[in-house]
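Some notes on the structure that comes next.
Chain naming follows the written order as A, B, C and D, and within any one chain the residues start at number 1.
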Amino acid sequence: MEKDIRENIAWAQINKDVLRSLEAPRPLYWVILLVALAMVGVGVGCEIYQYQTGIGVANMNNPHVWGLYIATFIFWIGMSHSGTLLSAILHLMHADWRKPIYRFAEAMTTFSLMTAGLFVMIHLGRLWQFYYSLPYPNERGLWPNFQSPLLWDAMAIFTYLSSSIIFLYVGMIPDLAICRDNMHPGWRKKLYSLLALGWEGTDRQWRNFRVTYLTVACFLIPLAVSVHSIVASDFAMSQQPGWHVTSFPPYFVAGALYSGCAAIISLFIILRYVFKFEEYMTLSILKKTSRLTFAIAMVWTYLNAVEFASVWYSHDEAAKDVLIQKATGTYAPFWWMMIFCGSVVPLMLAFKRFQANIPVLFAVSLLLNLGMWLERWMIVAPTFSHGYYPWAWDHDQWPSLVQWGIVFGSFGWFALLFMVFCKVFPSVSMYEVKEMVYHRSLALKNGETAEEGVH
Amino acid sequence: MSRHHLLALFDNFDEAEAAIVELRAGNIRGFNPDDLILKSPIEHPEVEGVLGNKPVHIQWFTLVGAILGGLLGFFLISGAQANFFAQIKGGKPIVPLPPNFVLTYEMFILGGVFITVLGFLICAGLPAKRSPLYSAKVSEDQIGILVSGDESAIAALKAIFSKHKALEIQEEAGK
Amino acid sequence: MSVNNLLENWAQFRHFHPVDDKPHDPYKWAMSIDLDACSGCNACSVACYAENNIPVVGKEKYAHGQAMHWIRIEHYWDEDIGVPGGREFPEQGAQFLPMMCQQCEAAPCETVCPVGATNHTADGLNSQIYNRCIGSRYCSANCPYKVRYFNWYDYPTTDNVWPETMTRQLNPDVTVRSKGVMEKCTFCVQRLNAAMSTARSEGRKVHDGEVQTACQQACPTNAISFGNLVDPESRVAKQWARQQVELTKDKQTKDAEPGGSRLRGYRILEELRPYPSVMYLERVRESAV
Amino acid sequence: MMENGFNRRDFLKVLGWGGTAVALSGCGNTSVEDGRETVNSYVEAADYVIPGIGVYFNSTCAQCDAGCSIMGKVREGRVLKLEGNPDSAINRGKTCGLGQAGVQHHYNPDRVREPLQRKGEIGVTITWEKAYELIAEKLKDVSGEEIAFLSGGVSGHLKVLLDNYLASFGCRNHFVYEALAPAVVRAANKKSYGVEMPRYNINKAKVVLSFGADFLGAWVSPVHFSQQYAQFRKGVDGERGVLIQIEPKMTLTGANADRWIPVRPGTEGVLALGIINALGTAGGDIAALVKDYDKVRVSKETGVPPGHIDKIAALLKLRSPSLVLAGSAAEGYAHGSQNAAAINLLNHVLGNVGKTVEAAAEVPFPQMAPARGNTAALKALNDGLAAGKYKVLFNYAANPIFTAPGGMKFKDNWAKADFKVVFAHYMDETALQADLVLPLDSALEDWGTHVPEYMADGAQINIQQPLMERLHANTRGMGDILLALIKQRRPEDYKSYEDYYGYLRAAMLQNKAALGGGGMDDDTFWSETLSKGIVKLAGAATTAVHSKAGATDLTLPAATQDAQYPLQLIPAVNVSLRDGRHANLPWLQESPDPLTTIVWDSWVEIHPKKALEMDITEGDIIEVTSRTGSVKAQAYLFPGIHPDAISIPLGQGHEALGRYAKGYGVNPFQILDAVFDKETGELAMHETRVKISKTGQRVIVVKDESAAGAKQIRKKIAGRMSTDNVDLSKEV
């Protein structure tokens, strides 16, 4: 059996390999960065146009008051859940194969949350009044409406984003110290010195560090679940057919983990190549991630089926109409595409030969992400097109190029942030890889000793 | 009486552990076994037993933070509703419990996380000035044992370190 | 102090509305629309444009579904007309229906607004505060009737919406809404406020017929009645009472009568429990021809 | 809400009308001249000007000929909104959408603001003095017979002044033209009842049988009829009125009917006779007339199932009185007069005459009575122009180049007159072809008296008064222009009248006693008259209606087939746009057509069955070709039309008239054949036959109706009950 990591890898080598990623990536890195920058340019251009002209240029209308922005918002929120899955849940479960890959997954969490947050603002008709939705004491005595699921969203995202950043940062402190110790004097050294907070790896620091990390991880798990449940509440708490579904919160959480895992596979493959992390991001870990993704895909498929079945079995005519509309109406191609990408494509992952086949996995992960993006769109748009009030049905609304441009730009924005992060901070956790190597070599030694004892 | 600081670096972790055991058991005059600090590149829970009973208090910070966060959340929100939104919304009461519970929950977590991290910084003594006896090797692949003792104990300490194959022993005469 | 306030008045803050709340006093504005009288002529809609400074968006934006008509005239045909296997002609005519904000007592739009820009007023209106609105459009998303209209563009500065001389027609009692805010029928709140203010300064209540909404005033067939539901002598209150439609019910007692009620009053999508303030009277069809 | 307790003369003085010269502002409390606003002091404002409070002034709606009385809400010198005047017997405080949009004519950005003289292809701004001189010069060498004056319907003192002006040079060529007037019905009524327009008591009828009379939409006096209709629906003694509408294309009234019956276009008269036959109550020569119109034949010719005819007859017999109306769908044929006569005959047979068809009151000043517009006048003018009879042509309140049927070639003939003066609000199609364009005050800036063509209860004269100061300094009221012109001819007689206001006031005061002001002093009477906006004439004379049917020499032709042009074109009258003069009002353009909900465009209405035959779907651009011409417009599938007919609404398709009208839709007037009613010489609007073909292009129809196609999808949205199940007796 392949190993998750080579046990005899020298710790100094680990430092060297990871620190190299901060300085000398492959040329593809710069290509990605430039492409991302160009995409951001498109998005920003569209947003400036929309800001100045009015959100009507997105071609939304009555009843389609929400468009791709909200769908993409959910998509990015969903993507953020993978980091928590890998760093918090697997941490609690002592799955140590997460160690080489959790750092970038956490970074993904943070940056996809930031991207999602942007969409909330882009979506607003009066972006310049965004701060009205924040609960801050003011001389007018005005508060936001705490009953609104959108406000819960804001609170949850704020909590999640700040907790994620803290979690990411706290977990990175020992690595920052390594960077500090190894960098030549310069801005980087200053930055790392500042951020490392004087970490020396003393037993007191490690002791408190361990408890803190564990505690925050414990908080993060219910937080992550609550965040996507609350995003689901934006829909489930409303009265609209197709949204007012009890199973939405778990369904959203499953979808979030799913899309996050798929994104991790994509980024895994990219980082592995760009930063020459073949030693750490091994095929064995990839295989485990694929299996995890497959499992979550099946959970998602099940919850999807549950949603359809409960709608179908109910007497909620309006909700049933929306479901029929999804499957047979204007959105049918996208809906079936979603089913295909979300439920059929992951079946590939059940086959061993594909589980570590990089080209196949890359394609599959992109398709899964496409499927998950479509899923969010298929939650938002069909209900608007086919609500309670037949006079206000509109099956023909199509998002304008401005809308597509901003959605497109958001992927560039995410890639830009993520890639810059990976170049500035160690995207593989050095100290944890060392722990992994240490424990595995210990286990190996013990195993050998045990075997010797048998002989 | 001046105190001296010693930092010994080991690349064999078992030896380092053995050294600690010996230091603590040795009853060296002028050296308090609690004046021993382990510096390591990774976390060593198994060494902790050797280091003696050193409790962690972060969970108390967590508890207080979470409770405070939750209470603040609930009363801030309900108070704001009661004062400002003296208008009915959608047939719901002015202070509606389900949304307030959701927000209280979020604030509970937020308070918990923030105060835990605050507790971490306090308990771990961060941010800290780096001690003069520090080697970059400690963040790479070696374990450092930092001891401080009276001048009289130095020789005994050095002997124990050397016995356990310390790669390097740094010494500093402190205050 | 807010916590004191909270603790002292706790019971008051936990009242549910409208189900176990005190009735509105002294005003609860409500409407009733007789669909048998409504001829679908659109006069109400044009009057509403005139009264409430509603922008004319033009053909292109109308085509995108961005029309702003606060009150729209819908028509419904029998479902089996002009389709294969169905009847050839709509021999029963159409059923016209003026649809505007139903000023729900438990409005789905109110709870979801993140900034509290839409509220329930003491006289039973669903109000919209334009300068508080940030344009999240959640209210519209959650409106079952889809009667909220969003300012997709900055209409006051858009070409040919209010060019040079047209601006002088704008009603100074009503705001001209800018880009990015939600708007909807207000039951002509500017008229209500003026009437209530006059009545207050004269130490009395607004009496029935003293204030009319723009649509009601224009309606050539008097299909629209509007007034104070609290005042038992008002025409609207009498109509609601006669039709046995109760504001705080999601299922009217009369509908449980065996064989169905012989009364015409009903409210649209009542079963969703928004408790709308507009009662419609069913269209009548002659059975002899 | 009415506020009359102030001195009206102050108001007038403030508005610059108190007695100074015709024009200019200067002493007003606002000045909008040149787009500048003057800062006003409210310290010494007149007592009715309260900043922030709207004050209502009464006037008369000029949007159509119905003569509804309106109150304009005036605030800080601006008129903001029009409401109905509750004292008017015609509209009783109500208005239609068209009336509401009256302010948009006033504030329209495309109004003509200066007199324009043609110089080649462009219009050059000139002064009013120059314009008057030019007219005087052009009239100098022409005889009265060489002058023609084309106008829309006029009444009141304007008509008097106009008649006097034309008489001053012996001109008898006043052509009163309305493109959409019920002229054939008027003639038929005159024969059947002895009056052109009797009073129809819809509210007293238990059954209304309407042959294409869109009385809720655009026919005669829709706001008045809508009120009657509401009473009719409430019913007499709890018995709800029944409306049966018979027409080939569903109108708004048809959409409100209990039974809408599509009839083969042009066979309305046959059906009317068939119903008389089925009633079996007529005797004498009527019985003889209808004896051949048995159910089988009538059903075959009209396409109405025999069962329907029986049902209608049974209902009419059972419920009396009833009312039968002949509307524009029935009169628009070469045999339109015959159709109308046959329909009117039904009222006689049913004994409705004298009950639901009553004599209308008349204004005892024949010279003020409305000059009723028709299309025969246009034909006469057109013939004259074609023959080169007229050298100078005036045009007021009509847009003949837009509304004349294409078959008349009116635009070519128009050019044959040497000098054409157009009194215009806008540069419409006709004004564009003028040699001199004189800008008019809007209806909300002008003075006038109007005698409604259709009198509700009792006779009345409507007062029109300015609701605000002139928006543009260089426009003039039509009355003032006429006064200036007549002073050129008869300066002595008119020198005492400074302006039209002075003339009007003097003329009204002269007849003070007859106008109900006996015993009042002049100022009080005048002030009260203006404040009421209506002069009700108590005890005005009525002409009795004939209670006996007149001669019934009816000859109704059988429907013909035309293989080359298989479809009948029904030019539908849009409730808002009418003959196109309101197409530049954005509120109306954006107000959806009630039946199709289409906005800002024209469409070709076609029955789904026919569309299926021709493989046409909604939004296909189809070409409609008549013998006269062709137009292209989007198809709209609509089951409320006879499969042998198509319909295009009138009013769109402007090539001028400003930003809100130009370039939207098509103008079906262009393809109307010049066919005329045999008896009256009126244009037979529905007599054009067309063929249609697909062009292969398709558009998305811009409409309010949604993807659900106006269906309720199992929800109770627009509820409906049968009369069997409803208890209307105790309704409030």
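To be clear about the criterion, a contact is a pair of C-beta atoms (placed from the backbone, for glycine too) under 8 Å apart; a residue touches a chain by one contact, two chains touch by 3 or more.
Just so it is clear, the structure is predicted and the values come from calculations on it, not from any experiment.
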Report which of C-D and A-D is connected by more C-beta pairs in contact.
-> C-D
Would you identify the chain whose C-alpha centroid lies closest to the centroid of all protein C-alpha atoms displayed?
-> C
Relative to chain B, which chain has the most distant C-alpha mean position?
-> D
Mind checking the centre-to-centre distance between chain A and chain B? Centres are C-alpha means, answer in whole Å.
-> 30
What whole-number Å value describes the gap between the mean CA coordinates of chain A and chain D?
-> 66
Give, as an integer number of Å, the spacing between the C-alpha centres of chain C and chain A.
-> 43
Sites on chain C at which at least two other chains make contact = 67, 72, 74, 108, 111-112, 116, 269
Chain D residues counted as touching two or more neighbouring chains | 700, 705, 710-712, 715, 717
Residues of chain B touching at least two other chains = 80-81, 83-85, 89-90, 92
Partner chain A, residues of chain C touching it in the complex | 61, 64-67, 72, 74, 99, 108, 111-116, 132-138, 140-142, 144-146, 148-154, 179-182, 269, 272
List of chain A residues in touch with chain C within their complex = 53-56, 59-66, 123-127, 129-130, 132-133, 142-145, 147-151, 154, 234, 237-240, 384, 387-389, 391-392, 394, 397
Once bound in the complex, which stretches of chain C touch chain D?
-> 35-37, 39-43, 45-47, 49-51, 56-59, 62-63, 67, 69, 72-77, 79, 81-83, 88-97, 160, 163-166, 168-172, 214, 217-223, 235, 238-239, 242, 260, 262-264, 266, 268-269, 280-289
Using the touch definition up top, name the residues of chain C that touch chain B in the complex.
-> 2-3, 5-6, 9-10, 12-19, 21, 104-112, 116, 119-122, 273, 275
In the complex, chain B touches chain C at residues 75, 78-85, 87-95
